[in-house]
Amino acid sequence: MSLHPTSEGTVARVVLITLSLAFLGFFVLLPLLAVFSEALAQGAGPFLDALHTPDAFAAIRLTLIIAAIAVPLNMVFGVAASWAITKFQFPGKALLITLIDLPFSVSPVVSGLIFVLLFGANGLFGAWLAEHDLKIIFAVPGIVLATVFITFPFVARELIPLMLEQGKDDEEAAISLGASGWQTFWHVTLPNIRWGLLYGVLLCNARAMGEFGAVSVVSGHIRGETNTMPLHVEILYNEYDFVGAFAVASLLALLALVTLVAKTVLEWRFGLHAGARH
Amino acid sequence: MSGPIKASARWRQPSVLPGFGLSFGFTLAWLTLIVLIPLATVFLKAAGMGWSEFIAVGFSPRALAAYRLSFGTAAVAGLVNAVFGLLVAWVLVRYAFPGKQVVSALVDLPFALPTAVAGIALTALYAPEGWIGQYLEPLGIKVAFTWVGITIALVFIGLPFVVRSVEPVLADLGREVEEAAATLGATRWQTFTRVIFPAIAPALLTGFALAFARGVGEYGSVIFISGNMPGRTEIAPLLIVTQLEQYAYAGATAIATVMMLASFAVLLLINLIQAASRRRMGV
Amino acid sequence: MIHLRGITKRFGQYPALHGIDLDVAPGEFIALLGPSGSGKTTLLRIIAGLEFQDAGTVQLGGEDVSTLPVAARNVGFVFQHYALFRHMTVAENVAFGLSVRRGKARVAKAVRQARAEELLGLVQLEGLGSRYPAQLSGGQRQRVALARALAIEPRLLLLDEPFGALDAKVRKDLRRWLRDLHKQMGLTSIFVTHDQEEALELADRVVVMNQGRIEQIGAPDAVYMNPETPFVSHFVGETNRIAGPAGEIHFRPHEIAIAADGAEALLVDNVFRKGAVWRVEGLLEGSRQFVELDLPSTLAAPRLGETIRFNPHRARIFNADGEQSKGDQS
């Protein structure tokens, strides 16, 4: 008998594994396969043609620009917030962590709405912005703001538990050996947290490039100007250009797959684990 | 007290590490600018509306129908995920099988896949002529453009919350308590219902609440499959968008306020659950 | 009471137990003593039914339980890390074994509560029934675990490193208390330990294990005084091992006689007080082997660099095969 006496029998085991694989296959894997299958429904030619349009290029370009702005901003914020929270003791820390997490519990649509209420034509600063000929809503700055808001907690959320676990002995040792604050950060802290940081940045980037609801509210859907890739998918889909919609969607799905592979490798290699709240 | 002590040194415990002022100041400033002020705007605007107007637009029949749909489908999807998420977490923690790494990565797909992509993919599957829909249609089962389709989208979105909440607690539970139960004469089922389940229940409830909160606010994966019929298949976030498109800012604000208060209530509930279980079980 | 025959167990390629035979009489208190990896915990878990042997039989009270699942063996088991159910109160933990009984064996709630109360009294935790395990100290938790195991009126009590997770002071108190409890209840008990002091202090008989085999079974005094194998001699108590013409000579630091014409000469390298004796360390002249001696502290402390001549008495000589070739030298 090789079975553990306090474990389920082989039959129960096989049933449970089969059930959960069936569930995952049905609800998770099948949609993923559908994306690629629909994109290639008419072969590789139409698939490539669909991607090879000025609008698609503009959407890809805008998505990359948005991520290139939003991700570094949140990376710097995440590191600063984790440094303050994990290396020092001060009252109100739990509240601060809760506030950083807030964007996770706000609907994406509401995340867009708040910036419309602030900077839209009828918004708090709408008149002032119009006076100075500045455009935030229905323009790139609004999309950046909404994306920064949506992805706000990602890096901090990964770094805080990691840095708490590592403690501050290393930093105190460096300081006691005469290193300056910046030297300590660059040569001691950063090497310690680099994989965790990368992990947070990956998740942050995936969300920044894929965000739909918040961006949809503030973008105005101007083709070639304020259309990100997910918005472009929506427009094509609503125009019944299914191959085009799924072709762009397949690029986003590929991004998701790359993120998952990188995430799995980091978890496997460095024992990192994401919190449940993304 | 001897000598002058800086106010900040009294407020926080002294440390030899530098950079508190810079990092804390930056954190607080950025948080205030990006998160707190924008969020406060909604409440400010809602407060300026007056009670009767707020009720009129925030709880109009159309809004009430949207809440019912959003909260109802999110609750059903949360329950489905509580059951199957627990099952998946159990299988991932307890059993070894080939391809486990891939399966584990697959669980995170809903986190990584852009919601709009999920939305059109699910619609492609469940539309009447879709991969799955074509087999359901003759049976009289309509999925796409009904609440069932919305629920399926929310099951997809919410699954990782439950699995990732339960997994670490289940892994941490250890074989010993189960062995202890067995030596005391408990059957496998009794061990599960009386020892394992109560121990992971707070985590399961947390996962359910997270999936529920996410489901209520979800937009991208739902709007393609939902059909968006006002009063029937119009979810609350879509109603906000519709109001915005009609420049009905008051309506959008009121509905957003109700939804935010609901999700903060859920957030508070999660924290209370976790605090209570920490107090009792010391973890 | 317990009869083990030919118990063999492998974990993959790793052999954990090689054909263990062991008999335990009713009411005995047995220690399984050995280093980690010696198979002692595996053996205990096989008796409990938490592990199944690859070959061999387990008999409990005349019944062959070799293939009986753990839940049906009615054996009390105490885990090193308590394994208390942390979402249940202390009283619920203790009553758990009774509460899972169904059908004819069902125990009424009032009876369960009374029994839990009674057992908490036995382990001196009266009034703590409504607490949660997290609110108790380590020693208290281990006593709850013991009460929980006793609640099912087991035919046998098994304890896996019961004091392993406790600090030294608590461990000592709990040890004495457990010995008294065993005397009072007379329940056949087996405990696993790697701490020889614990084994010698508590057990009626000690089973010394090494690399999946039993090296020696005997009363604590016999195991200490007459170790039958080099392993037991070395593992139980402190032992000097020096090379001799007939094999390896084993003698304990105190098993010596100082004599001006002693066969061995120790060059004193270090001296410190060890309780009631002087512990003297140094190298033997000639062979330069390291040896520790205990000298009565009624004598003046030996000086560093001094040479002490002595004869080992009661030494044991083991030949290259580990067999004892000659008895006492004295």
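Each chain gets a letter, A, B and C, in the order it is written, and its residues are counted from 1.
In this text, contacts are C-beta pairs under 8 Å (C-beta built on N, C-alpha and C of every residue); 3 or more make two chains touch, one makes a residue touch a chain.
The shown structure was predicted, so the numbers you read here are calculated from the model rather than taken from an experiment.
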Exercise. Return the chain label for which the distance between chain Cα mean and whole-protein Cα mean is smallest.
Key: B
Quiz item: Of the other chains, whose C-alpha centre is the longest way from the centre of subunit A?
Solution: C
Quiz item: Measuring from the mean C-alpha position of subunit A to the mean C-alpha position of subunit B, what distance in angstrom results?
Solution: 16
Quiz item: Any idea how many Å lie between the Cα centroids of subunit A and subunit C?
Solution: 55
Self-check item: Where subunit B and subunit C are represented by their mean Cα positions, the distance between them in whole Å
Solution: 52
Practice problem: Could you list which residues of subunit C touch at least two other chains? | Solution: 49-50, 69-70
Quiz item: In subunit B, what residues contact two or more other chains?
Solution: 179, 182
Exercise. Hunt down the residues of subunit A that sit against at least two other chains at once, touch-wise.
Key: 5-6
Quiz prompt | Touching residues on subunit A, where the partner in the complex is subunit B | solution = 5-8, 13, 16-17, 19-21, 23-24, 27-32, 34-35, 38, 77, 80-81, 83-85, 87-91, 96, 98-100, 102-103, 105-110, 113-118, 120, 122, 124, 145, 148-149, 152, 168, 171-172, 175-176, 180-181, 184-185, 203, 206, 209-213, 216-217, 229-231, 233-234, 237, 242, 245-246, 249, 252-253, 255-257, 259-261, 263-264, 268, 273-278
Exercise. Enumerate the contact residues on subunit B facing subunit C in the complex.
Key: 174, 176-177, 179-187, 190, 194-195, 198-199, 280-283
Quiz item: Touching subunit A in the complex: which residues of subunit B?
Solution: 11-13, 15-20, 22-24, 26-28, 30-31, 34-39, 41-42, 45, 84, 87-88, 90-91, 94-95, 97, 101, 103-118, 120-122, 124-125, 131-132, 152, 155-156, 159-161, 164-165, 168, 175, 178-179, 182, 188, 191, 206-207, 210, 213, 216-220, 224, 236-238, 240-241, 244, 247, 249, 252-253, 256, 259-260, 263-264, 266-267, 271
Self-check item: subunit B partner contacts - residues on subunit C that touch it in the complex
Solution: 48-50, 69-77, 79, 81, 83-88, 96-97, 99-101, 132-135, 145, 148-149, 151-152
